[in-house]
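Structure record follows, encoded as structure tokens.
By letter and in written order, the chains are A, B, C and D; residue numbering begins at 1 in each of them.
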Amino acid sequence: MDEIQEALTKTSKATKKDRFGRSVSLLALILILAVVISIFWFVASKGLATFFKNHVSLWSFLTGTKWAPGQVDAHGKPLVGAAPMIVGSFLVTFLSALIATPFAVGTAVFMTEISPKRGAKILQPVTELLVGIPSVVYGFVGLTVVVPAMRHLFGGSGFGVLAGSMVLFVMILPTVTSMTVDTLRAVPKRYREAALALGATRWQMIYKVILRAATPGILTAIVFGMARAFGEALAVQMVVGNAALMPHNLMSPSATLTSILTQGIGNTVMGSLENNALWSLALILLLMSLVFNLVIRAIGKKGAM
Amino acid sequence: MNAKQVDKIATGILYTIAGFVILVLLALLGYILVQGVPNLSWHFLTAPAEAFSAGGGIGIQLFNSFYLLILTMVISFPIALGAGIYLNEYANQKSKVIEVIRTMIEILSSLPSVVVGLFGFLLFVVQLKLGFSLLSGAIALTFFNLPLLTRSVEESLRTIPNLQREAGSALGLSRFETIGHVILPAALPSIMTGVVLSAGRVFGEAAALIYTAGQSAPALNFADWNPFNATSPLNVMRPAETLAVHIWKINSEGIMPDAAAVSAGASAVLVIAVLLFNFCARYFSKVLYRQLTSSK
Amino acid sequence: MVEPNQLVFTDEMPDHYIMDINEDKHEVALSAQDVEVYYGAKQALQKTNLKFERYKITSLIGASGSGKSTFLRSLNRMNDDVGTVKGKIMYRNLDINSSDIDVYEMRRHIGMVFQRPNPFAKSIEDNITFALKQHGIRDKDELAKRVETSLKQAALWDEVKDTLHKSALSLSGGQQQRLVIARAIALHPDILLLDEPASALDPISSAKIEDTLLELKEKYTIIIVTHNMQQAARVSDYTAFFHMGEVLEYDLTRKIFTRPKVQRTIDYVNGNFG
Amino acid sequence: MKQKWLWSLIAILGAVALTGAYLTKDKQQTINLNAVGSTALQPMVEAAGESFQRDTPGAYVNVQGGGSGTGLAQVQSGAVDMGMADMFAEEKKGIQAQKLTDHKVAVIGIAPILNPNVGVKNLTTQQLVDIFTKKITNWQQVGGANQAIVLVNRVNGSGTRATFEKYGLDGHFSAEGQEQDSSGTARSIVSSTPGAISYVAFSYLDDKQVLVPKVNGVQATDQNVMNGSYPIWAYEHIYTKGTESSVLQKFLRYLDSDEVQRKLVPQLGYISPHDMQVQRDVDGRTTPVK
């Protein structure tokens, strides 16, 4: 065997390095996985205790409309009906996404198709900055600006689903916008050129070509924004009113899963029904997050085809 | 109406929407700054907070925020980098297992931070007896930060064309060398953007810290930099209220007469800090990129 | 010059005409034995047997999707991640397609240049020295020497000798491709695989690359995939014609272009097809 | 390689610096006292802790919020030395109160607050019950402005709400309505929302922002709480478990000392238990102090 043959059959330094790199990076991934699994396990075990240990029926938990974990109803069953919060969470989420979508898509189109340079210069940094503003500050601004504005415009106390949606709208706007921008930028240039070469106006090109091509990406951005909105706690809590009541209109104070969870958790004792019921809310949040993710994946797959 | 008129109207509408959005965003920023900046002074930035009398500052909280951010990044960045590299460079992209793992990480990222905070509280503060400390806070923030950072690393790596990887392997370089010396430097600006964005989120996070790093800021001795001493600023085992937690606290339970002013001032400082941080990181990454990609 | 009567031809099937190289008279640098490639369940390359003579240029021609690039990439196992490669690839009496072979070490000896220039985002000099350093060459003089010789061999030295510290990305496409070739030969490989190295370039750059290849032939065994008939005719000694995932004809280049034996080859080189 | 050298050098220097720091650290043994729980009590214990630390070298008082429930649960599990609570441990489900020792460190008065435009100067207990159970929905019905009533509750489980329901609403549960988890937010909502009513501790009362009605004709003042004529008040408790270390005992004594009770407690808007002419037990029975 000559030298080269020997070198070829031996494990080279490069291979060793590669094994090292692979193991180290795999280790990092396993670490994250361990974190994720332990958090899931933690939430699930606490959240399921409501049903298995405290014997609350799942059905009454999901459909019951009275939330007062410390009290019992006429049959001696604890009052843990999460329906108002579930409805409240979905309402603010969909409403904020509904308001944010036209603005986000419009702004993104402006940034990519109409004025790429100015758009990027102003909006990019502003967007990134807004992500860094703590939700407490959003809530604070909501409390001092949005709630009084709602009160003047629509009457009532100002607290409610609409105020929550307005605050969330501003919070998810940067995320949805920047994700939409990424999608629009990914539309191949030749689509634009082809459309313009065929004599289409810019609007026709945007509307008929670019937006069509980018629809899956835009949908993903919106669902992503919704997932964010669904999990947001502090800011919503400050303006939504936190009344565990079925919202009967957009101006009535309501509650979301996160707002009840966040403010209740410190006042309950670990292991008690009151506490477990709150963890059940967290479990719903987790499952919803899973649903949003699956939706995003499904859209992504459809778009790829 | 012909196509040209429609085009003009549509363009006008787009201008209006973009203008409106910019207006809303700038108004929000402006509101925070206008409310807060008049309260800023050197004293405010450096003095310790007062619990129930006027004239308190945010010095310790400001320091804590930065220190905690650095600690969090030191812990979470290597892990996120490793995991991101594995997911994009080593993992079999068609594998179902990898897809499940990705989904799980994504779900973690949309979990409300208060849940992460409580988990951290029960695990680190109580079980592992780390107490309310910077370390507990940094680990909790790491949990909160990892999914986003991993995702952004992975996506940054994905934008680097396969040609570069092929170039490396055709030269007999291991994937590890190619990643370390070619792919990562090329992906650096985009990774940095991800880091800056997540740093902003970490900097402003309150809910995950209330139960981990704590809500009190004991006096620090800024002459003592020995990390093992109780009052040293560098001690990672001390409780540390951050700026965002401080804002939360004074908004909810503050009984000092100037609570509103302190809150507005602190919010402005937070926003300015994030702003500065963004600019510095951007500049730094540009310089680094230039240095790594070509010697001059 | 290789004479036709020195070559031995094997089984003359109606639609195949595969030359074998007499290993007593010609040194074979690399040979593929029953190489098949699958992408998932789809077979991209039928069983292929080809021998490559040392210090010669062999062209692989054929229409898009005929399997020529797939075959080339299998020769230094660039297809490991995307598909399954069956069969043996013999190099120095070793089957380099076996798991006993260290892939990275093997690729130092069998280098590759791709269709699109892919210099690293580093300086011109670092592009060449980077891999060398990783392979353990630290000596500064040695590194400088390799940079100079490889750039000279790739006919790029005169154009860049004063700007070695500039980013490689500032070069033109043709220069980048020659830099990539220089980068590959700086490692002193045995065999150089080129996957349509000139297809993305203008005619002048393309001509320069051809000149480079003819010079490199002195020291390297070269296998090149090309779409350009004239290029294949100009630079190569042997040509293999690929069609629908198999080799239909393999012969001396001038025979392929003047007296092909298989009808499809005639069609292809005359431009009636593909 | 140069880089490798540099990194090793940095690593070695770092290790040396850390070892050096460890060796030269303060020899003083520090004793940590941890308190967790009620955010209402947090500033007081914090401030007391700071001055205590100055007088007791090596002691380190670490005070965190987290809510009464958290505080009680943590002191019960032994994770912290002191659990701060707005209510008797007996009142909290899941807490075995007999295992904990109660230290009443302050008395907190709670008053209803109204939006200034309501214009009601006095509310009887019955009126409060009717308002909070939504039998009365307009301020006109209790002699105020023609304005719908907006309830702003504190969170279920908070000490303030428990106290208000027990002594202000005569044990009635409040109807579902808006909830806020902090006194500051509740006050600012009431001050800015027409027709709003809530309740906060005396320390949050601010005549400029909110209207404070009399309850059954009695003004919400410290004096009236002390003499027992104003009913809505509760103790602030610090609970400890089992044997207390000497430093902890010293700190608890310090909290009961005049230095804290005479200076700090009034400063924070609390009432010292020393000044109380009445006392209360878990079941709400009020008896005069001998």
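Assume contacts are C-beta pairs under 8 Å (C-beta built on N, C-alpha and C of every residue); 3 or more make two chains touch, one makes a residue touch a chain.
Note that this is a predicted model, so its numbers are computed, not measured.
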| item | value |
| --- | --- |
| Chain nearest the global centroid, as defined over all protein CA atoms shown | B |
| Top-ranked pair of chains - ranking by C-beta pairs in contact | A-B |
| Between chain B and chain C, centroid-to-centroid distance (C-alpha), Å | 48 |
| Rounded Å distance, chain A centre to chain B centre (Cα mean) | 17 |
| Chain B-chain D separation of Cα centroids, rounded to whole Å | 32 |
| Centre distance in Å when chain A and chain C are each reduced to the mean of their C-alpha atoms | 51 |
| Of all residues in chain D, the ones touching two or more other chains | 65-66, 70, 181, 185 |
| Junction residues of chain A - those touching two or more other chains | 14-15, 18, 262, 265, 270 |
| Sites on chain C at which at least two other chains make contact | 103-106, 134-135 |
| Interchain pairs in contact, sorted by label | A-B, A-C, A-D, B-C, B-D |
| Residue ranges of chain C in contact with chain B within the complex | 76, 78, 103-108, 111-114, 116, 118-123, 125-126, 130-131, 134-135, 165-169, 180, 183-184, 187 |
| In the complex with chain A, residue positions of chain B that touch it | 3-4, 6-7, 10-11, 13-15, 17-18, 20-22, 24-26, 28-29, 31-32, 78-83, 85-87, 89-90, 99, 101, 103-108, 110-116, 118-119, 122-123, 143, 146-147, 150, 172-177, 179-180, 193, 196-197, 199-201, 203-207, 244, 247-248, 251, 263, 267, 270-271, 274-275, 277-278 |
| In the complex with chain D, residue positions of chain A that touch it | 66-71, 143, 147-148, 151, 157-159, 237-238, 241-245, 253, 255, 262-275 |
| In the complex, chain B residues that touch chain D | 51-52, 125-126, 131-132, 210-211, 214-216, 218-219, 226-230, 239, 249-255, 259 |
| Touching residues on chain D, where the partner in the complex is chain B | 18, 21-22, 24-26, 30, 32, 34, 36, 39-40, 42-43, 46-47, 50, 60, 62-66, 70, 74, 77, 79, 181-185, 203-204, 267-269 |
